[in-house]
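Pasting the structures in now, so scroll down.
Both complexes shown next keep chain A, but they swap its partner, so chain B is in the first and chain C is in the second.
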Partner chain A sequence: MGDKIKAFWRKISWAWSPESERESSEAIVKNFWLHWFPAKVARASMDWNYSFWLGTASAALLLILTVTGVMLMFFYVPSTERAYGSIKDLEYAVSFGRLLRNQHRWAAEGMVAIVYIHMARVFFTSAYRGARAINWVVGVILFLATLLLSFTGYLLPWDQLAFWAITVGTSIAKQAPLVGPTIQFILLGGHEIGQQTLLRFYVLHVFFLPVLALVLFGYHMWRVRKDGGLAVIERVRNERAMAPKATPKTKSYSLFGLTPGTSVQVMSSTELEESDQVFSSPNMSRRIALVFLIVFNITLLAALLFNAPLEGLANPSVTPNPAKAPWYFVWLQELVASTTVRMGGFTISGALLGGILLPGFLLAVLTLWPWLDRSPLRTEGRWLAPERKRQNATFAVATLVIIVLIMVGVYLRGPYWRIYWPGQPRPEIPQLY
Partner chain B sequence: MDADRRKILRFIGKGSVLAAFLGQIGAAGRAFFPNVLYEPPSRFKLKRPNDYPNGYTLDAAHRLFVIRQKDAFHVISAICTHLGCNVQWKDTEFDCPCHGSRFNPDGTVISGPAPRPLDWFATTVSPDGFLEVDSATDVARDFRLVIGGKGKA
Partner chain C sequence: MAEKNESFEVKDFGWLVAMSILFFALVVVGFWIEFSTEWGPYQQEFPQLLGHYGKVEDARDFRAGIKQIWIPKIGVTDRCITCHLGYEWSSVLPATIAEPLKPHPMNDWLVKHEFSRFGCTPCHGGDGSATTVAGAHQGGRGWDDPMLSRALAGQNGLTMNEMIQMRCNFCHRHDAATPAMEEINLAKQLVKKKKCMVCHVVEGSGGTTGPELTYEGDRNPELLNFAHVRGERTMFNWNVQHLTQASVVSPHTQMPDFNMKPEESRALTLLLLSWRRLPYPPEYIPDPEVAAAAMQPSPTSTATPTPTATPIAR
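For the complex of A and B:
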């Protein structure tokens, strides 16, 4: 009996712990969960301190968010009358409901941070050159999807934060030239925030945006493989002074005879030396499993230690004072609050300048950066290459400015959005609810 | 000749499927523009004029201020012209808690990101003696609803 169990266990687990090179390569072919990996990957791409496995961590967060999110859907009611109560129920009436919501919340905020840091890593290692530029663009869209998921997510509890975030968010959308009012109308499902608004943001949050994120995530991974793996393999190639091999010509027999062309895996890492490669199973599969476990445990710990915020029930009559966005949008709040331009009788609202034009410009520059980048290709896959000093400084300064704006918004802004320095007394503002 | 006819038929065939598909997408998109809105009317009644003291009174439910100077009334919107938060009356000015816009007592901008003054709403007295506001109609900043001794207030 014991032997039978052991044999059965071996049967389902051998692919994860292969005992020979033959089993390693067979694992990739025979195991569904491993089949999307190449049989071998570059040894350098397994380094912990090249990529910090931030993309894997983001994927882990996406998985946690999907699972906890679907769980939360069993308890949440997307109705303006019952949404807030269903969150309260999760906190007080459902066993471990609070834990579930906490983990969803902290995983979401973690994902915003980790996805950004992942993008910074790709930038600082010049890992978006050549064909990888496409994946950079996909990544930027995934980052946007992450932000939109967060935004639509914190609207659902229908608390004060939700209500005033929708008010401000859709008012910014209204400022878009020409189409603005139509966009606001379609987002709200009317002229005022109401049941239609909540339902629309709910469906966006639980269906459209997650599906978008999952599809793009799949494409993101597929492209990593088609581009030959992480950009660090270009560094290895450069170090080995390997001339790029002539594109292998392939011959395929189609119905009508020979089909000439080049092989699909033009940029395969398999052209690296044998010693520069390792088997995906177990070298990559175990690392991925480890990263998933670490991320899972960190979010669980955060969920045990800290409660997700929940403000008072949405009240259109009273704006909280001050009304602050979550930290990852506070820098935008600072921008819309301080970019109104007045020249004579002519005024450009900060809502348009700081809420649409400036973020739009940043986004466009970010998206097009691979084509603006003129640095030498030998920087590929190298951290903070000196040849890219100016580019790296630009990205670092932009990030720093955003962090400073976030700090100002989170720590210094007080009632009526005025600056209060640490230690400076803040006026008591009666909270009317 | 025969080939031409096939071409045309094929064009009509594929074209009609494409047209139907685009029409379907358009119809689905159109559904997101509501035809009926269950929203409160833009014209609504407040309290009776004499229920308001002199000075600035907030009507939180309607998000506006009723300002009374003896017999003269006017109504200023409490919705910030920047991004739609509710401004608060602070002794001598309106202040916005979201992005720090500040407005004079007549609604003109002192400072902050607000691009234009607060709206003034057309105000009348309804036949049954209540203040009546039309929030869809703006009035100039010299508007006053004077309810004299002979009036019905």
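For the complex of A and C:
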């Protein structure tokens, strides 16, 4: 009887069982989930100051966003008539609804920032060399997926902020040569933002983009493992190979008797030493739990302290002054606005240069950087190696320019898209009564 | 080596404990915020108040929680009554009770405008979905339908009652005159007297010299020129001054200066702002003739509408 139950249980719980020893060992070897983490990791990669655990933090944010997002899906209605009302309900009537929405919002904005900083870390440590170049490209796609996830989510509350930010964003896309209007039409599901746009953005936001992000994230992690761990290991290897070995006393015999010096030795010790490694369990699993907990606490604290923005119901006939893109695209809006040239009644739109050509160029260069980088391989896994001074400076300056443009767009731009310095009075926006 | 190994193990474990404690603290704060609602104290006070005025059974049956008037066909979700609990108890509770438990005054028109059919915001404005004082009364940036409070009405030189008449006219638009809507009634007479429709189209008829005014209340205030408007930059203020002296507010306009009295231009502004695209279904729109009949001094003449009952300004 017991055997029968066991056999039955086996039948319903296992789709497949190994027929031979070889098959059962292969089942372990080929299992994706068992190979995310190695048995041992380099001690150097446990260092806080090398990676700052930004990739893990991004993964933690993705998990938080998935869990809070699924919970929000129970309340949110993707219809132009009810979307705004369902957000109001979350804010005011659903138990912990406001907290849930706040945490989702701040985790989403945090993820855009953390993923970018993670990428900067990889750049500054030259961690994309050789086989790791593929993972760099995967990372760039993951960054784009993060941006798109955030952008599609931005529309969903269907308030003035959402409506007009997406109007600005998709109008920039329209300026792409040849395909621009088609891209805008596909994004909007029509010629203007409406029910079709909301539905499209919703389906992208809750299904296609998360699936893309999760699949790529899985591959990204697996690649880290297959490429031999974090690039800091290469630094340790290089150091080991360079370090003078304590040579054993040997005797060399020549035809004329004993000669000074040592005999021929195999210098094989380019692999990591035992002492360079620690067991992943519990060291890495404990650390990952810690990073997850820190990230969760930070997002929860932000959610308790700050409310996610929500303005009036979307109104296509009233444009807020000024209408701004989401902050991570504000630098593009800033570029578009400042490259737009007006001569009399004649306007050359900056959207092509600022909105399409420049970001397209930056993205292409970013993706291809591992193949453009000609610095020596010994810089691998080292922070701000002096041999890479110029390219590090270029990356830092580009980042700084983008940050400055974002700051200008978010904090200094006011009504009529003019610059208002802190303390400078802004014109009062006319009200109804 | 073993020492170095231990150093981060111990540190990580310490941080893990600290972060766990912080996590529990944050969860406690989260629960505390969730359950210390603004409406909680009022809901504790209300049954005691009912009991005090002899409604012991109603006090016993009172259940705490968010309360709302939900009328999907006019888009009303009014949670105002979560705090304003005394609203329908004017027969029991005295009007001297402090807000928010104070009962709604039992006006004549409330008989025809039951709370269950109209809710709160169709007359008062404000954010009905909100369950916080600030959220419901003050609104945030980009909020186009603020609550018509006494303070707001005072800023515009009106009483709250007069200001609310603008919202009455959302449905009573086609009445020639409506009982208790003195401001709007005055404005409708002025429209006739000043012959606005010689120049302006309103609902399909009128002259085309000036802009159409059918949905004047939906205009974007930002598109108005405030360069020559004194005082607050509001659409209300713009209209008041424009109706009085159009040539000052819009220098090259063809509109004559009507030199109206302030109360006249305020009344007309209320009428103009009431002309909006609105979601009210036909059963909410009153028969203009019924209102006209009610305006007659003698109750015997209700059956036959008099010539004055024909709609003037629609």
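The definition used in the following text is that the second predicted complex is superposed on the first by the 357 of 433 C-alpha atoms of A that agree within 3 Å, B and C clash if a C-alpha of one lies under 4 Å from a C-alpha of the other, contacts with A are read in each partner's own complex, and residues count from 1 in each chain.
Simple rule for what comes next: contacts are C-beta pairs under 8 Å (C-beta built on N, C-alpha and C of every residue); 3 or more make two chains touch, one makes a residue touch a chain.
Quick caveat: nothing in here was measured; it's all calculated off a predicted structure.
**Q** Taking the superposition on A as described, I'd like to know which of chain B and chain C A:E26 touches: first, second, both or neither.
**A** A:E26 contacts neither chain B nor chain C.
**Q** Look at A:R418 in the shared chain and tell me whether it touches chain B only, chain C only, both, or neither; answer first, second, both or neither.
**A** A:R418 contacts chain B only, not chain C.
**Q** Is A:Q333 touching the first partner chain B, the second partner chain C, both, or neither of them?
**A** In the superposition, A:Q333 touches chain B alone.
**Q** Quick one: is A:D373 in contact with chain B, with chain C, with both, or with neither? Answer first, second, both or neither.
**A** After superposing on A, A:D373 lies clear of both chain B and chain C.
**Q** Check the residue A:G190 against both partner chains and state whether it touches chain B (first), chain C (second), both, or neither.
**A** In the superposed model, A:G190 contacts chain B only, not chain C.
**Q** Pick one for A:E387: touches chain B only (first), chain C only (second), both, or neither.
**A** Neither chain B nor chain C is touched by A:E387.
**Q** Give one of first, second, both or neither to describe whether A:P320 is in contact with chain B, with chain C, with both, or with none.
**A** In the superposition, A:P320 contacts both chain B and chain C.
**Q** I'd like to know which partner A:N283 touches here: chain B for first, chain C for second, both or neither.
**A** Second partner only, chain C.
**Q** Just checking: does A:T167 make contact with chain B only, chain C only, both, or neither of them? Give me first, second, both or neither.
**A** So A:T167 only meets chain B here.
**Q** So which positions on chain A get touched by both chain B and chain C?
**A** Comparing the two interfaces on chain A, one with chain B and one with chain C, the shared residues are 317-321, 432.
**Q** For the complex, which residues does chain A have touching chain C?
**A** 43, 46, 85, 88-89, 91-93, 95-96, 99, 159-161, 275, 278, 283, 286-287, 289-290, 293-294, 296-297, 300-301, 304, 310-312, 315, 317-321, 428-433
**Q** Help me check something: in the complex, which residues belonging to chain B touch chain A?
**A** Chain B reaches chain A through residues 32-34, 37-40, 60-61, 63, 82-86, 88, 90, 95-100, 102, 112-116.
**Q** What residues on chain C touch chain A, complex-wise?
**A** Listed in rising order, the residues of chain C that touch chain A are 1, 4-5, 8-9, 12-13, 15-16, 19-20, 22-23, 26-27, 29-30, 33-34, 66, 68, 77, 79, 127, 129-132, 135, 139-146, 148, 152, 155-156, 163, 218, 220-222, 224, 226, 232-236, 238, 273.
**Q** Quick check: in the complex, which residue numbers of chain A touch chain B?
**A** For chain A paired with chain B, touching residues are 164, 167-168, 171-172, 185-186, 189-192, 194, 196, 316-323, 333, 336-340, 347-351, 355, 415-418, 432.
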